[in-house]
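Shared chain: chain A. Partners: chain B in the first complex, chain C in the second.
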Partner chain A sequence: MHEPHHPVQASYLRMTAQEITQDVIQRHESPGRQFWMVTSVLAGLLGLGIIGFIILLSKGFEDRNAWGYYATTFAYIFTAAQSAVLISVALRMVKAHWRRPIARISELFAAVGLFTFLLLIPLLWVLPVTTGRRSIWFEWPGHSPHLWDTLALGLLVVCGLALLYFASIPDMAAVRDHATGARQNRYRRMALGWQGSLHQWKKLQVGISLLGGFYFILLIVVHMLISVDFAMSLVPGWKDAIFPAFHAITGFQSAVALTIVTMSILRWKTSLRRYIEADQFWGLSKLLLALSLLWFYFWWSGFFTYWYGRQPAEQSILKFLMFETYKVPFILAFLLCFVTPFVILMWNFVRKTIWGPTLAASIVLVGTFFNAIRFYVPAYSIEDSSLHFLETLPPANTPGGVDILIIIGGIAGAVLVYMLASRVFPIVSTWELKEGLLLQRVRKLMKIQIKVLAKPE
Partner chain B sequence: MQERVRLSDAQINRDLLRSIFETPKWYWFLVAFLGLVVLAGFTAAGYMFNQGLGVTGLNRPVMWGFFITNFVFWIGISHAGVMLSAILRLVQAEWRRPATRAAEVLTVFSLMTAMMMPLIHAGRPWRVMYWVFPYDFARGVYPNVRSALVWDPAAVFTYLTSSILFVFIALVPDIAVLRDRTTGWRHVMYSVLSLGWRGSVRQWKLQLIAGILLSAIILPIFVSVHSIVSWDFGTAMSVEGWHSTVFAPYFVIGAVHSGVSAVVTVMIALRWVFKWENYIRMEHLDALAKLLIVVATGWFYFFILEFIFGLYSLEGPEVALREMQVFQMPWTALFITFLLCAYFIPVPMWLIPKVRRSIPLMIFTTILVNIGMWLERFIIIVPGLARKQVFTFTWGGYTPSAVEIVIVIATFALVSMLVLLFAKVFPLIPIGDAKEGMILYDEIKIGKVMVPAVMREE
Partner chain C sequence: MANKSVLGLFDNADTAADATDVLLEAGCAQEDFDVLTGSPYPEGAFGEKNPKHHIYVFPLVGALMGLSVALLLTAGTQLAYPMVTGGKPILAFPAMTIIGYEGTLLGAVIFTILGIIFESRLPRPKLDPYDPRITEGYIGLLVTCTEEKVDVMEQALRRGKAVDVIHEKGRAL
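And then the complex of A and B:
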């Protein structure tokens, strides 16, 4: 057994439950001047995005090609932020103790769902009806895909918010107990009479499990709907059964990356570094490595079947999305989503650092954006989606000034929503940390210190 | 909640070596019965080799039938070994301990059995040498390396080699235990196989590192094997329903679904046969059933993708194939049985905690899964070929003959017999792992109760 690169005992295990509550809530009450400076800058950037959006809107919905980068921005934010909620759901399901300090960090991305939903609305006017073209709806039921996709995303967002709210109730009660005046009243209403009785805890656990499971299923369904209805079905001849699954995998990968980057920023800029330690980076970086490998495997399965088949319809898709028209975003996505994170994270000593996972995660987040470009921009550049297959490839659509404004504004808006949500819900889940205090010990085995984890179920 | 009982090292040795040193009366009867079934299978195969493939139900256009279905099925079962052993070892899941050896051994024997199927299917197995060795360059006769049918044996044999290594590396400390408790020729055999194992710190360290390295190396092989098996189908352009981009992960996760179910069936059988109640406990079945819920649902998702995108472009031949699969008897019955067995009966049952901890129900559900998964392969292979041709008058059908049925049944007897024989020579629960589990077991006092706990190795 080799010497671990980081101490066995997490710093927060040396604190008492009371100290944890006080520490987290104090930070929650006064986030500091820098927080408001950053939110102001983000609001400004969002303003630029809104200007870009208004210019785009003034041109109408007929020119679908103009909406390519808008759709990409929507898909990118959906892919990363909505999947990020799953990190806490999945880690809670497998009862990973190291998730405790970062569960809320990932859950808070549920709030970004509101912004994603707003971004979807204009796209509904851009999306053509399914009559006369391939679609998973087979022209049934009515108003598909517009109505049903909207409902599905709406349901996902509501479910995510419910999960965030539900999992935060004990913390909101803690804020209530430490606050005074209007703030106390507000949190009293939000805490829904939480007293921490056995009955309430049981309800909380069941609620979190059910909402988490439901969110998982909904997310997979929405990934499928968005990837097919807003990308694949617009490209004639693109019949790729693995694409929805690949889309979901890119979502999980970028979700892990997003969580790691958020953790790094919190470590760097706030006093929360004692909660977010090497253990969390190590755990998530293993996931990121596995997902980067899966990214390749899913891409390869799709690519190989097309490439080997040599059918004209499939060859034109490969040329269009990978080897000719959108070669640059494809190569960048391949390098940044698979090659680079794999080369960085294959080393265990790198995975145990803070910088290694952060670097790989930042690269993956950029890669995921190019990955979204290579699907969504081409899909919107095709005028007639009802063709049998792409006989002539449309030219590549490079981003203009308006597109860049929309991309910057969209991403800034998503970050802004996240930051504002962190003002409502404490960004570290204190009740899960306190539960961790009960369930973890550090003991001596022979000559070494070893972590002992309780398995109550 | 864990139901662990504290056991001494001596007790663990006694219990886990029982299968080797004590032979119950029924043992040889069972082996002999299974041997007879295997013999019947070989006789049927011999008859087929003598008479030709005409004695099977194979015909034009359905050239692949029971044999290839069975080949894919056993390759699928073999995926349990790595899924349980390598992945759970890498993630340090404590409940893996009693399941790993059974899973690995099942991998080895099912792979061997799987590889027999194409040989039997070929009708003239002695001609295999012509596929393997390029024998006539002058006439340009050599295996076509561009065909998935050539990659397939390469991947399967790599997997077989690495699985045998994997089993052996994990076995070395247990073989040393056997060496120290045997005399005569058995002592000599175990001495040679234990490679001078003394249990020194360096040896344990090397064994641990080898296990982790092999786990990491075997994972890509495991994924590649069933992916390539899926490309036997996926690269066949002319068969409707086969040329699908989702086939590789769909096959892999389907294999894990059937493989893990088979491991549960085998574990329950071992628990009952060798009275290993203290080792294969309800908490293990519970954890495996939870894993199966996730795997089965993942598999079902890929099934949905495969089906929807089969119909996606609404092309005539594809619609005809799906119509045959779903709406024409006897395929309708098979399709419904497949869905019920592979997903709709077992998964809702596993959601109930009592079912996960019930031995009869777990046996029932895991056998159902494997009936369903066998049918899944059958439903993919035969209707695709039956509707392969463009003209409806060349469409065909398939009914298996008695020869094929006997051979397929014999493969199940063969794998069961080999596992039983293995249990007579080597322990089917890793002794070293069971003892390590005891060392790493702990308890934490929370409030007034003692809660079971595990020590984390890192």
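And then the complex of A and C:
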């Protein structure tokens, strides 16, 4: 269907600060029966995942190949959910005013970090020591990645949760002010006696900016550690300097996609439609298009070096990860992370819709999963990681029943944690919305209405 | 003499900004009153001075401490268990970078969290005087003064068109 080329209408929230507070708090107090139904289904799916995990655990940690899809699930959730927090951080850094309705939607993914951290723990027993094989840990003791990667991911989770908590304090104070009974007591404790003095606002905003900055630089290093220690260093002959950066780009791309899909579900299923408008979809779709192009650029840079070198070790890596053993997940990742979103989002009129970015983002999220499969499943299928290079390629590891249970349970668990976190922290940052109201007006410009935005800084 | 607090409540930010002038005229010093709002306002919107803070010092101190501990740990380990590899120096900087980076950020993040809590004077066990309408868009002018000046400040707030004046203990007058 062809849509006329017209600018996205300047969205303006025609609500007062009082209406926003009451609306958000009311929906926070009673999310509705559907919310609990979905939560129950997700809890059931998580239960299936736990059964799968117990079966996997009962076989022990010796057979690394059996843990390939578990590692993939961990990496996928880490890649998408932990990077999603960055959307709020980055847009706040560049003072993008259209971020306001979606800031908390993105920050809430920090809570999923707790689940990701739990998923990491069993992998520490699966990961072999670095002694006798290539790693980034030089001559440090063989359990260095076990210790330092855990510390790094733990620190990222703490930083994300601190960011979520501090950014939510003014909203928790609003809940405290309007709730009664035990709920009020709970939020009184959580709001830490927030009054909203100008001093408190100033310090809170500076603090949030600092934590956001630290989250960003931590995320990059955790991407590097996870991608190198839990994938690349396990495959003999895989020495790709671009891979950690490619992993991070994949994270940013899936983070934008995850935020768009979450926004779309919230628009579709809740009364948040009035806050999340075409502005937000349009803004994020441009980022998604740019990141889809970067996905190709980073993949190409890594691939080209290997293809041009054509050493036996390089050829075996290309065959193993892309053109023979794991050809299917590679082709799917290539099509779903680059080709399809590019073809969809290259059209401006599609980017300005809500369905266009949502469709492209959904496809990217599926593609990111296949991308994780093609890195992590092969890495865990190698029996001896101390070889110089892969002389014979191990057969492809296709998912079995237990693997599928773990994948479904893992993803359901992450969504469940997100939904439960939205019961603690209001899903819309009311203070940022109200600040936005203060800074914008609709004015008449000749024969049209335009939004005028004040930029005091 | 013990200090008391009085809160004037305004339904309009412009009126509240004007009322700060009335307070100053009534003999209230700039540092004796605070503005309570439900969302951040641009700096200086209420005529207030730029609030000073030392939050930036916290992550800096934390980062330096974290880096120092990480360097001590890595350098100390290398010196305590010297292992010559290919004739290279015992103290190898590249082998210390990841741990140094993590230590730096560990200190920076923890100290930033402490800094926000300390600088914002949180948690505050006592909210009085306060009014829930502030989170709905009302503006509060919280005046702290000696007991004998309470009436003068209350009158000043009313002259400034406060819709309500609340004393400590949340008692509406």
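In this text, the second predicted complex is superposed on the first by the 442 of 457 C-alpha atoms of A that agree within 3 Å, B and C clash if a C-alpha of one lies under 4 Å from a C-alpha of the other, contacts with A are read in each partner's own complex, and residues count from 1 in each chain.
FYI, a contact is a pair of C-beta atoms (placed from the backbone, for glycine too) under 8 Å apart; a residue touches a chain by one contact, two chains touch by 3 or more.
As the structure is a computational prediction, the values presented were derived from the model and not from experiment.
Annotation: superposed three-chain arrangement on chain A; chain B versus chain C shows no clash, the two fitting side by side. Rounded to the nearest 10, the angle at the Cα centre of chain A between the centres of chain B and chain C is 80 degrees.
By the touch criterion defined above, A:I55 lies against neither chain B nor chain C after alignment on the C-alpha atoms of chain A. Contact with chain B, but none with chain C, is seen for A:Y297 once the two complexes are overlaid on the shared chain.
Judged by the touch definition given at the top, the superposed model places A:F138 against both chain B and chain C.
Of the two partner chains placed by superposition, A:V424 touches none, neither chain B nor chain C. When both complexes are overlaid on chain A, the residue A:F166 reaches chain C alone and has no touch with chain B. Look at A:V350: by the touch rule set out above, it reaches neither chain B nor chain C.
Shared-chain residue A:I220: touches chain B; no touch with chain C. Partner contacting the larger number of chain A residues, of chain B and chain C: C. By the touch criterion stated above, A:L387 is placed in contact with neither chain B nor chain C. Applying the stated contact rule after C-alpha superposition, one finds that A:V366 touches neither chain B nor chain C. With chain A used as the common frame, chain B approaches chain C to a shortest CA-CA distance of 5 Å. The residues of chain A shared by its contacts with chain B and with chain C are 136, 138, 438-439, 454, 456-457. Taken in their complex, chain A has these residues touching chain C: 16-18, 21-22, 136-140, 148, 151-152, 155, 158-159, 162, 166, 169-170, 173-174, 177-178, 192-207, 210-211, 214, 217-218, 221, 225, 430-432, 434-435, 438-439, 454, 456-457. Residues of chain C touching chain A in their complex: 13, 34-43, 46, 48, 51, 53, 55-56, 59, 83, 85, 92, 94-95, 98-99, 101-102, 105-106, 108-109, 112-113, 115-117, 119-127, 130, 132, 134-137, 140, 142. By the touch criterion given at the top, residues 1, 4, 134, 136, 138, 220, 224, 239-245, 297-298, 301-302, 304-306, 308-309, 311, 438-439, 441, 443, 445, 450-457 of chain A touch chain B in their complex. The part of chain B that touches chain A in the complex is made up of residues 1-2, 94, 223, 227, 231, 234-235, 237, 243-249, 301-302, 305-306, 308-314, 439, 442, 444, 446, 451-458.
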